[in-house]
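Shared between the two complexes below is chain A, which has chain B as its partner in the first and chain C in the second.
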Partner chain A sequence: MTRASRKWALIFLAVPVSFYIVVVIYPLASSFYYSFTDWNGFSEQYNFVGLDNFERMKTDRLFRGALKNTLVWTVAAVVIPTSIGLLIALALHERGLLSRLYKSLFYLPICLSLVVIGQVWIWIYQPGFGLLNIVLEKIGLSEYTRAFLADPDTALESVIAAWSWQQVALAMVIFLAGLTAVPRELTEAAEIDGAGYWRTVRHVIIPLLRPASVIVIALSVINSLKSFDILYMMTRGGPFHSSDNLAMMMYNESFQKYRMGYGSAIAVVLFLITLVVIVVYFRQQRGLEQLYD
Partner chain B sequence: MSKKRILHLLILTAVVLSMNAVLVSAQSGISIVHYYSDALGQEVMGGILQAFNEANPDSPVADNSAGHEDFKTQILVTIAGDNPPDIFSYWAGARTQFIVDADRLMPLDDWWAEAGLDEVIPAGVKSAGIHNGQIYNVPMNVHVVGFFYNPKVMEAAGITEMPRTWDEFLTVCETLKESGVTPIALGSRNRWPAQYWFDYTVSRTAGPEYRTKLMNGEAKYTDPEVQRAMEFWKELVDAGYFVPDANAYDWDEAANMVANGDAAMTLMGTWITGLWNGNGLEPVTDYDFFPFPIIDPEIPEVVHGSIDGWVIPANAKNAEGGKAVLAWMLSPEVQQTWAIGQGALAASTAIDQSAYTPVMAKAAEYLAGVDFLSGYDLSTTPPMAEGGLDMFAMFMNDPSGYLDYLAETQIIADDVFGG
Partner chain C sequence: MTEATHRFSIPANVSSASAHRTPLSARVKAAVFFVLLTALLIIYSLPSVGVILTSLKSNAEIGREGIWNLPDTVSLQNYRDAWVDGHAGKYLANSLKVTIPAAAISILFGVLTGYTLAKLPFRGSDTLFIFLVAGLFIPPQVVMIPLFRMFNRAGLYDTLWSMIIVHIGFGIPICTLVMKNFFATIPTAIREAAIIDGANELLVLVRVMLPLSLPSLAVLATLQFTWIWNDFLWPVIFTRSDDVRTVMFGLASLRGQYSVAYGTQSAMAIFASIPTLVIFVFFQKYFIRGLTLGSVKG
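Entry: the complex of A and B
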């Protein structure tokens, strides 16, 4: 780079970098800072309380519940979109005209906002006229009918199921793209060698889909960690916090209970968990790059 | 494009942007933020503010509304960011107290006296806006909580007299249940609709003074008084008088159950009339009102509800403008437009009382005769309210564990009040 063009590069970089500092770095640093205080969110005075906020988490029943639910959601995010998304992608890959229609149908939930999805599923789960309960009754499983979102035993799982509807669609699209990159010679060779369909899938296609799988898992885990909108829409973490995750608890503590310091401390914990996921993801990515070099 | 030209473009953009900032900060207008963001609220409040602007073309008010939940966070962020509006709507009670304690609001005693509001605003309503001895929240309207019922359903079950005592209330519930109707609708998915059951059972059995102590952390949720109050509520749930799975519904879904005749009544605020009128229901023929029955005649009767008011931030840039809007809001004409349009009771008694529907007139009459106490989530400090609201939802899920729930709630109270 010549000196002049370097100067211009710096000038042009300055705009996005300063924007990034103002809207990302500074707020991030602030929440670290406030996590060591007892700030209530709007008062001018606050005290430094050291690690008190983090100490509090150890004995806080709500925090334990929210952490557990976050982990449950993360596990679901690894298992459900990858498995179901892969199955749908395999079923629809190179299957003629009708499969395009099905691809669009399965893709549709991505076009909806999570708030809309939440409202649709609220109606599906409704105890009186909800689709799910009516279906359960019709097929003779009426002992399983219940108010899914109002029952602390099923609220979290019901929200995760609704959320997965969209994530599965996202996974399917990524897997479909990955499948087009699988060389046909390899599957044909496997076929000639006498491998059945499932053996081909197991030993040829799935290993070659590794890049796509890494993206799917990383995306859905990160999406699960930051999921808030659909939970807010469907249960607000209720009934009585049984479906809280860390993002919801952070919101409740900060804005419902006016404990901005504690809320910030929860944000810091959530950030650290997300950081671990991202580090693992980048490591995997680097491994993949070496694979192709 | 030459580099020079690009540089000129950049400079021009920067200049335009900074001019914008100057223009925004230099305008002489008044900024208002309120939570009347639903269709009905925007229509009525929009009209009121537009009329203000026509009367005050030199200092127009810039209208900002936000949904209730967004409003709660947005207002705190603007206050903390030292960029508050000149006036904003706020719930009278513990939420206002919280901002007052942070020295973020302006006392309005002098303005109140000048405006002569003591003559038109009842003392009970005024007292809800007083914190640490000074007036901070100027009331706009009052909502009263009581039973709203479907007269056709009651009549079909042979009930013509609405209950005044607890025994009469139990008889009514039993009669309704026997006739195949769910007596009580409740939609407690967002928890707060259940709180009025706690409010009334506590204040009707242990008295308003005890209830105030409980709200302030001077009494305990494990006290026999609270246990006894919960038992009155539990009696109704155990008898199957409530709609099943109350936690699955929102308050307006519960309101629809009553409107459709699937349930007979619901314990709710007068805002329910706004919803029903909007859906084409007629007062008296389609819905009516009776107050929460008396449990112990020895105990002074109170009415629970909520008061929406206006506050002015301590560091408002145009506090005078904020006060001008305040005066506009409290004028009899605006009070009447607002109350009738919104389905609320006006804070000011200077309005034409005959403008109320017969149902609202009943609520107004009841309010005039007894003391007013805010509902639970506006009476106790927000972190405590969160714990209590959880308890009500737990109770509606499974009332049998009420003693455990009360013990858990007291642990939260110890933490919040530092007991």
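Entry: the complex of A and C
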């Protein structure tokens, strides 16, 4: 590279890279720093407390609940979008003109905000007007009707179901793109060999969809770890913190109770969990590259 | 329509031209499949339909009959209420003032980093690429507290600037990824020819590369606009006053204020969703391409 191009490279990178460091990387490092302090958010003075914030998590009932809920959410994020998203994608793949319209309607939730989605799903779960309760009533299951979001036994699951409504659409879009890359000859050959539709799906299509599946799982797990908007909208982690996840608890500790030190420690834990997911993801990706190159 | 004649054991399409040649049992199967799929679609669309129906009903009717049935009389009163009493106009303007600059600048930054990393590689540029893209995976909550402190000190708390800045920062990873991957596909010979003709890198980028990259810019524009527009976390953390409220925060706080005004809330939800719906309808191709990056080949 010539000297002139080197100069231009520096000019092009200077502002974006500095910006990124100041807004993303430096704060990330600061979070680690604050996690060892008892900073309250206002005062300029704070003390180093070593690992106290992390020690405290061990006995904090709220933290345990939030961690458990985060993991439940993660498991749901692995299972629900992949299975339902794949089924809908298979149903819509190569079905002619009408399926284009259907696809668009199934895509729709992706462009909606989780605030809007949370709002509508509140109306589905409501005790009086709620669609779910009306339906349960009508089909003779009235003993299951309840205020889904106000009941500690169902609050978290109800929010996860609402969240999945959008994630399923996202998974479907990605699977549909993956399906276009499945060679027609392979599925036809399997059919001619008498494999039948479901066996073709299982033994030919699903293995070929591995790259798409890895992306779907990684995306929805990472989205689940970040999820805050819809929880804030629907339950704020309640009732009695029964639907708190780590992101929600971190917000509560930091911006409601002004324990920024403890909040930062929770943020660090959230980051470490994400890091594990990323490492697994890149291992998978590398495995895939070897598979396809 | 070759797709329609594709022989899967679940028949492809009821209305296909070749339907008269397929046996009756296959046609029944196709019809059942179509009915089931339609039923699923209707159930799946109910939440969206619910908002639209509710927005067209009077509050009296909602109080009487709930929200999950067709309106007796269609009224646009809720839209008027959301606009006039709910300040929808102001909130929408605030959202635009955040979304447009943040999306534009993050894409500009992505063009600069993407071009440099793809066409002007240097020692360590691969590492820099990974460093820049890693931000994709950082949950925003992790940096919330330090940013809160930073904006407070800089006097940017409770301004639109705080949101613009943070969205640019968090947009850099995806914009870098998409633009670098795009520029990598353009033959280096094109750049070299322009350089030999006496152009500098800036001219190459603006005159030669940018015109070629319009589709990738469209992909990023639709993605960034949608994510930033729909964001709710940063307004909650960085703003307090009504004057700088974005439409998503406005919608969420409407719920707190009048928790029974379903009609107004749903009209506000529709106002808040129109911009991303417009993108979805008119630029779906680019939006979907952005969402499915990398899903075909690992």
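As a convention for this text, the second predicted complex is superposed on the first by the 293 of 293 C-alpha atoms of A that agree within 3 Å, B and C clash if a C-alpha of one lies under 4 Å from a C-alpha of the other, contacts with A are read in each partner's own complex, and residues count from 1 in each chain.
In this section, a contact is a pair of C-beta atoms (placed from the backbone, for glycine too) under 8 Å apart; a residue touches a chain by one contact, two chains touch by 3 or more.
Please read these numbers as outputs of a predicted model, since none were measured by experiment.
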I'd like to know which partner A:Gly238 touches here: chain B for first, chain C for second, both or neither. first
Once chain A of both complexes is superposed, is A:Trp8 in touch with chain B (first), chain C (second), both, or neither? both
In the overlaid three-chain picture, which partner chain does A:Glu44 touch, first (chain B) or second (chain C), both, or neither? first
Which partner reaches more residues of chain A, chain B or chain C? C
Report for A:Gly178: first if it touches chain B alone, second if chain C alone, otherwise both or neither. second
When the two structures are overlaid on chain A, which partner does A:Ile217 contact: first (chain B), second (chain C), both, or neither? neither
Contacts for A:Val120 in the overlay, against chain B (first) and chain C (second): which applies, first, second, both or neither? second
Taking the superposition on A as described, I'd like to know which of chain B and chain C A:Val268 touches: first, second, both or neither. second
In the superposed arrangement, which partner chain does A:Ala147 touch: chain B (first), chain C (second), both, or neither? first
Which partner chains sit in contact with A:Phe255 here, chain B, chain C, both or neither? Use first/second/both/neither. both
Once the two structures are superposed, pull the chain A residues common to the chain B and chain C interfaces. 8, 41, 255
Chain B-touching residues of chain A, taken from the complex the two chains share: 8, 11, 40-44, 125-127, 146-147, 149-152, 235-236, 238-241, 252, 255-259
In their shared complex, at which residues does chain C touch chain A? 1, 3-4, 6-10, 12-13, 15-16, 33, 37, 40-41, 44-48, 50-51, 54, 66-68, 109-110, 112-113, 115-116, 120-122, 128, 132, 135, 137-150, 165-166, 168-170, 172-173, 176, 195, 200-202, 205, 226, 229-230, 232-233, 236-237, 248, 251-252, 255, 262, 265-266, 269, 272-273, 276-277, 279-280, 284, 287-288, 291-292, 294-298
Would you pull the chain A residues touching chain C in the complex into a rising list? 1, 4-6, 8-9, 12-13, 15-17, 19-20, 22-28, 30-31, 34, 41, 88, 91-92, 94-99, 102, 104-117, 119-121, 123-124, 128-129, 131, 134, 165, 170, 173-178, 180-181, 184, 187-188, 191, 196-197, 200, 210-212, 214-216, 222, 225-226, 228-229, 232-233, 246-247, 250-251, 254-255, 260, 263-264, 267-268, 270-271, 274, 277-278, 285, 288-289, 291-292
Could you list, by residue number, the parts of chain B that touch chain A in their complex? 3, 10, 72-73, 76, 79-80, 98-99, 101-104, 189-191, 244-248, 382-383, 386, 390-391, 393-394, 397
